[in-house]
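Listed below are the structures to be examined.
The two complexes that follow have chain A in common; it is paired with chain B in the first and with chain C in the second.
Here is the complex of A and B:
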C-alpha cells in the first residue's frame, strides 16, 4: 500500500545504469534508446508516411477515377477500404514472417509489393483492376511493412519507446499535409496514370527503410526450429501458430487489451469521417468546416509528440496514461455535437483541437503497452494480431455512425455513441490484471531453451530490458 | 369605293416593298424566323443606378421583346430635363436620344429591343447625360461548371471531356462539340467517326469521349449549349502526352532507391568487416553478406539463406 505514495521514487533509476555497459559488450544486442534506434525511428517515419499518409491522401485520385471509370463515388471509395483492410488483415502474416525469417527481408518485400501495386494500378483499364492492385497488392505490401517496422523500433528502445513512436507517427499528419498538394500537382501534370506510376516509385522508398533494419540473431527462431524438427503437418502447423503467436488468444490480459482497443477503434474514426459534414450541418461554411478539420489534424500531430515525450518521463504508468487519453478523447467526441449546437464556432474549434490532441496522444501509447503485457519477445506477433482484430472495429464504426445519422437526422447520436465506445474501451482496459497498482506487472515468463552462450547472454539482456525492476519501476 | 381600292393597292405595295427590304438587309446564313414582331413575348428588366461599373446580367433562351428600364435618382440639383440614349456594344444606337423628364424624383429611360437572333445579343447600355451608365449583358446562359485546367491523357488511351450546365440555369435544347482548328472551330460529328468520337448527351451534361488518342488530338475543344437564340460556348484544353513524361521522374526515383539500398548495404558490410577484427561473432554475418549483390532483391535472398 505504501507503494502508492512512493510511486514516483526515482532511486531505482540507478539500477538501469549498468545495463548499457553490459549490452555494449555484445554488438549483436540492440543499443537501447540511442544510436541506431533513432535511425530506425527515421525509417519508421518515412515508411509510415508512405503507408498511412499516402492512404489518407488518395482522395485526390477519387475524383479522377469517378470521371474516368464512370462509377459512383461509393464504388471508388472501396479502393481505399480494401487497401486498409488488406493492410490490417495481412499484419499477422507480416509478423509471422518476421518471426520465421527476418524483419529486414519482410519489410523490403513489403515495400516492393506496395510500389508494385501502385505501378500496376497505373495501367488499370477497369475498376476491379484498381481493387486488385491498389487494394490487395499494395495492402499486402503495407501489411508487411507497418507491423514489423513498429515492432522493430520498439525493440530498439526501452525508456524512450513512446517518444520514438510518437515522433514516427507524427509523420502521418505531416505527410498528409504535404501529400495533398503534391498529389494534386502530379495529377494535374501527368493525369492519374502518371501520378500513380510516380507514387509507386515513391512507395519503393520503403525498401531502403527496410534495409536499415539490422539483421539480428534472434533467440526465438532457433528455439522454435530446434524444438520442432520434421515437416509433419502437425509440427508445421504448430510452428505456424507459434510464428503467429496464436497462443496469445488464450491469454486473458492480451485478449482484454485487444478487446479494449477494438472498442476504441469503433469510435475513433467517426470524427474523421463526419466532423466536416457535421460542421456544415451546424451551419458553418465549407471553409470554416475544413479549417476545423485541419486544426484537429494539426493538434493531432502535436498530441502524438507531446504524449510520447510525456509518457517517457515516467510519472505515470503507460496503461493509466492510455486510459486517460482515451477517456478524454471519448468525452471530447461526445462534446463535439453539443458544442456546435450552441452555434459558437470558437467552442467547436476548441473542442476539436482538444479532441485532436487526445486522439493523437493515445495513438502513441497504444502500441507501447503491448510489450508490457506480452513481453518484448512476443511483441511482433501480438501487434500483428492486434491489427487484425481491431480492423473489424473500424469497418463497423463508420457505417454504424452513418446509419445513426440517417435515422436521427443529425450527427449528435453518432458522436455520442462513438465517444461512449471509447469510454467502454477504457473500462475494458481497467479489467486488466494489476491495473490499479502503481507498478507495472512482471512480464510473462520468457521462452526457454537457449543453450548457446551468445543466445544466453542475449536472453539475459532481453530479460533485463523488459523486467520491471530495471525499466518499468521508474515509469511508475 | 375607289378610295378603298386605292388604299388596298397602296397597302399591298407597301407590304411588297417592306418584304423586299427585309430580304435584302439580312444577308446572314441563318435568317431569323420571320415572325411578326408583335407576337413575341415581352420580357421586362429593370435596374436602378447604384454606382459606377454596374452590370446587370440578362439571360435569354428564346426570342423575346426585351424591354430594358433604367432609373436614376439624379444629382443634388435635379434639373427637370436631361438627355439619355442607348448603346449597343459601345456604339451609340441611332435615333435613341431622348429627353427624360424628372418624375417622382427620378429619371427613367426605357426601350424595347427585339432579340431574335445572335446579333441581337450583346452589351446594351443606357446612358444619362453621358456620365451615368448601366450595362445590361444580354446573353444565353453561360456554362459555369467547366474545367479550367487542361485534361491530360495518354497516347492510345481514351479521354473524357465533360461540360455541365448548372441546375440553376435553364437546360439547353441540345449540345454540340467543336474542335479548334487554328482560329476556326470545326464541329465534331460523332456519327461520322464512331470509333474515335462518342458524344453522350444528358440534358444538363454532355460528355465527349475521344478514343485512341494521338498527339494530334491535343488542343482546345468547345462544348456548345444550343439554345434557340444562340449557342453558349465553353472550352476545355486536352493535352495528350506520351508515357515517357511520367516515366522520367519515375526512373529518377527508382534510381534513387537503388542507390540508397546499395549504400546502406555497403555501409553495413564495411562496418561488419571492421568488427570482424574485434571478434568471431561477426564471422557468420560477413559470410552471408559477401555473396550479396547489393540489390534489394538479391540481398533478400542472401538473408534468407542465413538461418540463425
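Here is the complex of A and C:
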C-alpha cells in the first residue's frame, strides 16, 4: 500500500523537479529493493554458512571427540544439540537487542562470541568444557547473528525478499558440501584442537559481515524509550516486553502461523536424520544411501533459489506458495519409505530429489511470510520468537521418529508421521485470516498503546508523502 | 639249567619283546602330509585325511582339532576321516590334529601342518600425533607358522633399521601381532614411513604405516592469517562508509532528534532545507 502511494508521489516529483538525493534515499527507505541490500545478501550468505553450514559439518569433530574424551557418541552429540538449542533460544534476545540498540553492534558481537566459543573449545580438557564453549557461547553468538541478519536483509527488500533469502540460504547446502572435506583436512593436518582454533578464526568472519549493516533510521525504539520515562520496574518490564515483541503472542494470526511452522518443524528434520539409515534398511549399499542424501541436498539448494525467484514473480500469494511447498514436501516424505519398499533405487532417488526440492523451497518462504502477518517493523521480534517456539518442535520430532522406529522395526511409520505433521502445519496455516482471498491482507494496524506519531517510519512516510505538495509550493 | 637263570632269560626276553607288543597295541594312524598353501597356486580345496590302520580296541569316534581347539561338526565314527577346506586362505593355516577316542584306551592323534605365508590383516595406514605425544603402530597377521616380526624405517627405496639410541622405541611381539611404540615424538627425526615385516619359513609380507608429527604451533599461522584478514576487512568497511557519505549519517540521525520534540512542522522544514542545499 505504501508502494502505491509513493509511486504516485514519485511521478509528481519527477514532473516538478529533479529528485534530490535525500528524497531518493527516503523513497528507497519506503520501497527498498536492492542496492545495498544485495551486499547484505552476500553478508547473510557468509554468516548463514558460518552458522548452519558449520553446525551441520561438526560431525567430523565428533569422531575425534569420542576417541579423545572416551565418551559415548550420544554424549558427544549433545554438543551440537546444545549449540542449536542455544541459537534458537537466544534468538528473541538478539531481536530485542536489535530493537533496543542497533543491528550492527548485535551481529558483530554475535560473531565475536561465536568465534570465541570455538577458540575456547580448542583448549578444552573436559567434555563439559565443550558443552559450555561450543554449545552455549557459540550458540549464543549464533543466536545474536542469525535472526538480526535475516530481519535486516528482509527490511532492505520488498518485492524480492524471497529471492534474496533463497539466495542467502542456499549457502547452507553449499557450505556443508564444502565444509565436510575442509574440516576433514583441518583435523588431519592440525589435530582437532588446531582445527577448532582455525574454525574459530573463520567464524570471526561474521564480524565484517555485521559491519556491512548500515545503521538504519531508528524508528520506534527510541520513541518508545522516550514515551516511558523513568526506570521503575514496571516501565522496564514494559520496555523489555516491547523489545521482545511479546505482545505478538496475543495476536491470533501470529500465533496461528507460529503453530503451523512448529508443526512443520516436527517432521522437517526427520529425513535428514533417518534417510540414510532407511536406505540401508531397504537394502541399498552405503554408497547408494549416501548418494541419495547428497542428491536431496543438491536439489534442496536448487529449490531454495528457484522458489525464491518464483515467489517474487508475484503470481501467487506467498502464503499459498508456502502451503503448496509444505504439502508437497509432506507428501514426498510419506512416499519415501513406500518408494523404497518396491526395491527400486531410481524410485527412491526421484522421490528424494523431489523431497529435497520442496523442503528447500519452503525454507525460502517461511521467513518472508512473517512481515506480511505482523508488519515490517515488528518483524525482528517476530522472527526471534518464531525461532524460539519452533525449537521445541525439533526437540520433539527426532526422538519421536526414533521411538516409532524402535517400536515398529522400520522407518515407514516415522516417515508417515513426519509427513503428516507437515500437512497438519499446512492445515493450521489455512486458518489464518484472509487465507482464501487472492490478495495479501493489509498489514496490521500499529499498536494503539503508543501515540501514533511515535511510529517513526510510518510518520516519516506520511511526512514524505505529504511534504512534496508543500515542497513544490515552496519551490514554485 | 639253573631255574633262576631260566627265569632271568624269560624276563630279559620279555623286556625285549615288550616294545613290540605295546607297539602292536598302539593304534596307528596314517595321516596325509603337511600342506603348504601358496599364494601362487589357484585356490582349490584341500583335504586332510587320517586313516586308522591298526587298533586293538574298536574306536568310539574321531574328530578334528585346529591349534588345540576342536572344530565343530567333525565328529564321526568312521575309521577314515577327512577334513575338507574349501577356500584355503592364509587364515586357514595352522596345526591340525585328527583325534581318535577309545573306550578303554587313551586317545590317539596325528598332526598335519597347514603352512602358509603370513598375511597382514591389520595395520594403520597413517598415524597423526602431536609432538611430545606417544605413537603406537601395530600389525596383525594370520598364518602358520607364526612369523617373526621386524620393523624398519623406509625412506624412498632405502631401508634403515630403527635407531633406538634415544631409547624411545619399544617393540612388543606376540604370535600374530606386533606393536611399535614411540614415546615423546620428535618432530625432526620421527616422521616418516615405518614398515612391519612378517617372515616365516614359507615367505614374508610387509605393510607400511605413515607417521606424521604435528607441531604445536602449526595451527597458529593460519589462525593469525584469518584474524588479519578480518581486521583488514572491518577497517576497509568502516573507512569506506565514513568516506562515502557523511551526510547520510546526519540524515539517518535526523528522525531521532526531532521525534523527541514532537513538533513535526519543524522537522519537515529542516528536512526540506537540507534537501534544497544538496
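Before moving on, here are some points about what is shown:
Methods note: the second predicted complex is superposed on the first by the 417 of 476 C-alpha atoms of A that agree within 3 Å, B and C clash if a C-alpha of one lies under 4 Å from a C-alpha of the other, contacts with A are read in each partner's own complex, and residues count from 1 in each chain.
Just so it is clear, a contact is a pair of C-beta atoms (placed from the backbone, for glycine too) under 8 Å apart; a residue touches a chain by one contact, two chains touch by 3 or more.
Quick caveat: nothing in here was measured; it's all calculated off a predicted structure.
In the superposition on chain A, contact is made by A:211 with both chain B and chain C. Once the two complexes are laid over each other on the shared chain, residue contacts for A:279 go to neither chain B nor chain C. When the shared chain is aligned, no partner comes close enough to touch A:428: not chain B, not chain C.
Shared-chain residue A:188: touches chain B and chain C both. When the shared chain is aligned, chain B comes close enough to touch A:101, but chain C does not.
In the overlay built on the shared chain, the residue A:339 is in contact with neither chain B nor chain C. By the document's definition of touching, of the two partners only chain B reaches A:67; chain C does not. When the two complexes are overlaid on their common chain A, residue A:197 makes contact with chain B and with chain C alike. By the touch criterion defined above, A:311 reaches neither chain B nor chain C.
Once the two complexes are overlaid on chain A, the chain A residues touched by chain B in the first and by chain C in the second are 188-191, 193-195, 197-198, 200-202, 204-205, 207-208, 211-212, 214-215, 217-218, 222, 454. Residues 26-28, 67-68, 101-102, 104-105, 108-109, 112, 188-191, 193-195, 197-198, 200-202, 204-205, 207-208, 211-212, 214-215, 217-218, 221-222, 225, 454 of chain A are the ones touching chain B in the complex. For chain C in complex with chain A, the touching residues are 128, 130, 214, 218-220, 222-223, 226-227, 229-230, 233-234, 237-238, 241, 247-249, 251-252, 255-256, 259-260, 262, 264, 267-268, 271-272, 274-276, 278. Put simply, chain A touches chain C in their complex at residues 20-23, 25, 188-191, 193-195, 197-198, 200-202, 204-205, 207-208, 211-212, 214-219, 222-223, 226, 453-454, 456, 459-460, 463, 467, 470-471, 474. For chain B in complex with chain A, the touching residues are 149, 151-154, 157, 160, 162, 241, 243, 245-247, 249-250, 253-254, 256-257, 260-261, 264-265, 268, 275, 278-279, 281-282, 285, 296-297, 299-300, 303-304, 306-308.
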